[in-house]
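We call the chains A, B, C, D, E and F, going by the order they appear; numbering starts again at 1 in every chain.
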Amino acid sequence: AYSTKEESTKRSVGRYPVPNKKDLPYDIVELMEEVELKTGFLPNVFKAMSHRPAEFRAFFAYYNAIMNKDGGRLSKSDKELIIVATSVVNRCPYCVVAHGALHRIYSKQPTLADQVIVNWKLANLSDRDLAMLEFALAVCRADNITEEHFERLERHGFDREDAWDIGMISAFFAMSNRIAHFIDLRPNTEFYDMGRMPRGA
Amino acid sequence: AYSTKEESTKRSVGRYPVPNKKDLPYDIVELMEEVELKTGFLPNVFKAMSHRPAEFRAFFAYYNAIMNKDGGRLSKSDKELIIVATSVVNRCPYCVVAHGALHRIYSKQPTLADQVIVNWKLANLSDRDLAMLEFALAVCRADNITEEHFERLERHGFDREDAWDIGMISAFFAMSNRIAHFIDLRPNTEFYDMGRMPRGA
Amino acid sequence: AYSTKEESTKRSVGRYPVPNKKDLPYDIVELMEEVELKTGFLPNVFKAMSHRPAEFRAFFAYYNAIMNKDGGRLSKSDKELIIVATSVVNRCPYCVVAHGALHRIYSKQPTLADQVIVNWKLANLSDRDLAMLEFALAVCRADNITEEHFERLERHGFDREDAWDIGMISAFFAMSNRIAHFIDLRPNTEFYDMGRMPRGA
Amino acid sequence: AYSTKEESTKRSVGRYPVPNKKDLPYDIVELMEEVELKTGFLPNVFKAMSHRPAEFRAFFAYYNAIMNKDGGRLSKSDKELIIVATSVVNRCPYCVVAHGALHRIYSKQPTLADQVIVNWKLANLSDRDLAMLEFALAVCRADNITEEHFERLERHGFDREDAWDIGMISAFFAMSNRIAHFIDLRPNTEFYDMGRMPRGA
Amino acid sequence: AYSTKEESTKRSVGRYPVPNKKDLPYDIVELMEEVELKTGFLPNVFKAMSHRPAEFRAFFAYYNAIMNKDGGRLSKSDKELIIVATSVVNRCPYCVVAHGALHRIYSKQPTLADQVIVNWKLANLSDRDLAMLEFALAVCRADNITEEHFERLERHGFDREDAWDIGMISAFFAMSNRIAHFIDLRPNTEFYDMGRMPRGA
Amino acid sequence: AYSTKEESTKRSVGRYPVPNKKDLPYDIVELMEEVELKTGFLPNVFKAMSHRPAEFRAFFAYYNAIMNKDGGRLSKSDKELIIVATSVVNRCPYCVVAHGALHRIYSKQPTLADQVIVNWKLANLSDRDLAMLEFALAVCRADNITEEHFERLERHGFDREDAWDIGMISAFFAMSNRIAHFIDLRPNTEFYDMGRMPRGA
């Protein structure tokens, strides 16, 4: 089987059947193996989306285009912070827990995601980060986005291309959170503790 | 230029610059020309998304995977109805007007989209269509989706694969509506009247 | 029968029985015939309200006092715009569709009402019109109305008498929308396309 | 002057000028004098609305058509209870205080309106009265009104004509509450204590 | 029995059994008798809370620490106004009616609490009182409390210790309102008219 | 000093000055030392509340009366789960993080609190626990609590005394969350990781 780890509950991969590795197209298996090798386990979103290979490819191609895009002022940990803050609004267990873990790893700040999950406005964030999340959350709520939104970002050093990056991540996860809800996607157990303890502890 | 029609207002293509045709990758120009040929004009979403070619490709590949997917119980007009009903929740001018037009054309029902735009529960819809929209709107609102949601769909003949189709379209347009908001995307003028009058009138 | 047009569905005149012309008081028949002559068909609100002649008279006397009032800065198309924008808040099919049609006719702008129906803040409106709708919507939501509301109107040339006119139309349609809901009043089919096409087309 | 009582504050008659008695049309003065004679003072709504004689006539003709209508199952105190319960939703000082007083007088229950003002579902109401308010509040919120709403009323002895009466009072005060807000209408001081104490106390 | 007054309805003391006086600890009986002597009747909250003597002691010790605290700028009537305004938000019959009565007595203003119950922003309050209620309601809604909140209070003469007093009363009644809801606590009939009429009337 | 641990940020003890140990009454110091000995550090709530000794005593006496009460069907981990689920509604950083830690310790379930923080309805909870949280959240929202609420609890083995316990904890933390907001109370850093890892790891 393509998954080398046993899940603690059957339910955690979601509501739709996950195909056997041998029944999946080669490119999908290849991506899964690459991710599993890098992460140490296969995140459930890969298993769940493999139910529809064409949509699997489109979803991860889109994810890749925005999360691994070169250039711009958003660090990897900025992007994860946007995902955590917006996924909390949609109460998405998979996205909050998995991307909270990735935020801890990229930011090396073990408690910040937990703070954002409870109350982003009270988290220990810089004014720049607050402005970034404010824009991301306006997009998340499907607010009308006005020139003032862009000007507020500019006052914290984000230009219009950065605004697009923030908005697109927020919009993409507005989709992902909703997919996770109808699939009933749950986080792999490994995510809960990732990045909490110093590596050498 | 790749667009043969003049827009009534500059603002209608949105907030980001649209590249010249000669500066766009060939595959993007090719898709645009194909769409313009088929539709009679180039919908503004193609122009606006061409600002980011990699995201353009990912967006339309995803769109194609769900809107032109073979099989399942959703007709073309069902899909457009889902888009109209959910885009109203997010008050998205582009998606409501453009897909309202497409619904009129595919359904040959010139007033149904207008009814759904004001109050979907009072529109002249069959019980099957109401059940379909109820599920789409639960996904749109990022509700927790439970077994009862799937059972209600089943009572109207939709199986779990149809549920995925409905949910995925709702989720994809949760993203599209939000992109349209930060880009400030507006409908081409052509969409407002499309499909209203009998062809021979 | 006093109605010369057949309705497409029985449901469209609402939930209460409509009296026969011969059983109605003369002044009500007279008003109906005058309206039908002028409009080309009898709008359903006249039929539905004739179920209660005393309330019919009061309703249309009030309507007439505010919609056909002399003086003030509100044009006929301004008044229709207020009705459309506030009736959308209450998701009233009759008022949105019928007054959207009247707006198209008075304003000669065939797409503006459709824009306001989806998202009034993003419609192609002047600052004056936005201020007018902002006040109308504050009244529609039953907000506390303060001196600042009046001052904002004044900055766009509306004095206190104009404010009364805007507020009264919004208040009257807060009533009408709710009556339409309990009567289950639906728009005549004729309204959907009125004013969309150039007369000579 | 037509008003024989001094108001405690100037603000209590609202934001628009009140005409002098001598400048008012005779029918309006006549109605005012009749009301003042009967009530012992002139309720502020008469003063405020006299700013616009045509609308004064339409408003009170409508009020009379529904509040003094013969027949039906709604008592005078039922009607006042509907007004209190719905006007609380719109936080309308005039309507809540004035009609709370009228309810105490008609019902001879000195504390029931105060209970409804805080929390209608916890007030000492019969199931019939709860059903009546439930319908009135559905209309007040501009909910879609369905057959189930009518059936629930029927189970408590209200037929469709009673439903119209309940709905129309709720709709009319949806208008009145909003007029009161933009006029800034406040209750006469007399209303606060009316009907609280036994007459002979 | 410790209560010398008969209640008009059984329901008014709430959902849990009230112990007999002889079964209650002496300190609780002593407090009850003291309150009854002072007030003229025993408020239902004392009866209802006596179901749990340890919690009775904690509740009234806390109440005493904040309501009878020496020093600070809050008068007795200020404190009652805070309770009325915040208890309205939670629609708590006991707290609104009982503390509305206490407000009338301490403030000697017989209509102000009734105004605050309907619409605090439109009540005849000083700017200082509006600022006090604005802070109390921000705490009541569990808003994030920021430096601006404290600065706004300061502009009306309230220092940080006063802010603590306002916030603590609001927080304590956030608890009390919820206790009253699950106990189903109702006001003693005596409260409704207390403080409305001049003593010598 | 009474605190033997340095806080990572000054801000974490809140907005009001914390008295020096030598200036505090003996009973307060004694309680603090006892807690610090047992927990290994002094939770910030003790420091913050010591600003007002009388309220400190009342607060912790109340806390003790409900959290350390003998009897009833609520385990220590049940109580912590109620606090976590309700404090999330009020977005209270201190209560969510501190009581999430206590839940992990008492329940020995290292991920359950994190699940409840994101979406309690999707957490791996028994039907009994879901019913318990449903009641706690109804009290938290200040809903009207009806007989049906108690009956639903009874179907899961909770009697009326248990209902009081659940309701009282929810009500007490409705107060605590609001106090934490105006004090700006933040969790001690130690709480974030408490109970996550097996002791011997």
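Operating definition for what follows: contacts are C-beta pairs under 8 Å (C-beta built on N, C-alpha and C of every residue); 3 or more make two chains touch, one makes a residue touch a chain.
All values derive from a computational prediction rather than experimental measurement.
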| item | value |
| --- | --- |
| Graph distance between chain C and chain F, where chains that touch are linked | 2 |
| Most widely separated chain from chain B, with each centre as the mean of CA atoms | E |
| Reference chain D; chain at largest CA-centroid distance | A |
| Candidate from A-C, A-E or A-F with the same interface as D-E, over half of contact pairs in common | A-F |
| Geometric centre distance via CA averages, chain D-chain A, whole Å | 54 |
| Computed distance of Cα centres, chain F from chain B, in Å | 47 |
| Chain B and chain C, separation of their C-alpha mean positions in angstrom | 30 |
| Residues of chain A touching at least two other chains | 91-92, 119, 122, 144, 184 |
| Overall pattern in which the protein chains touch one another (line/ring/star/complete/other) | other |
| Contacting chain pairs - touch in the sense defined above | A-B, A-C, A-E, A-F, B-C, B-D, B-F, C-D, C-E, D-E, D-F, E-F |
| Touching residues (chain side chain A, partner chain F) in the complex | 9, 88, 91-93, 96-97, 110-111, 114-115, 117-119, 122, 124, 184, 186, 189, 192-193, 196-197 |
| Partner chain A, residues of chain E touching it in the complex | 144 |
| Chain D residues touching chain C - in the complex, by the definition given at the top | 15-16, 51-52, 54-55, 57-59, 61-62, 65-66, 69, 89-92, 139-140, 142-145, 150, 160, 163-164, 167-168, 170-172, 174-179, 181-184 |
| Residue ranges of chain C in contact with chain A within the complex | 119, 121-122 |
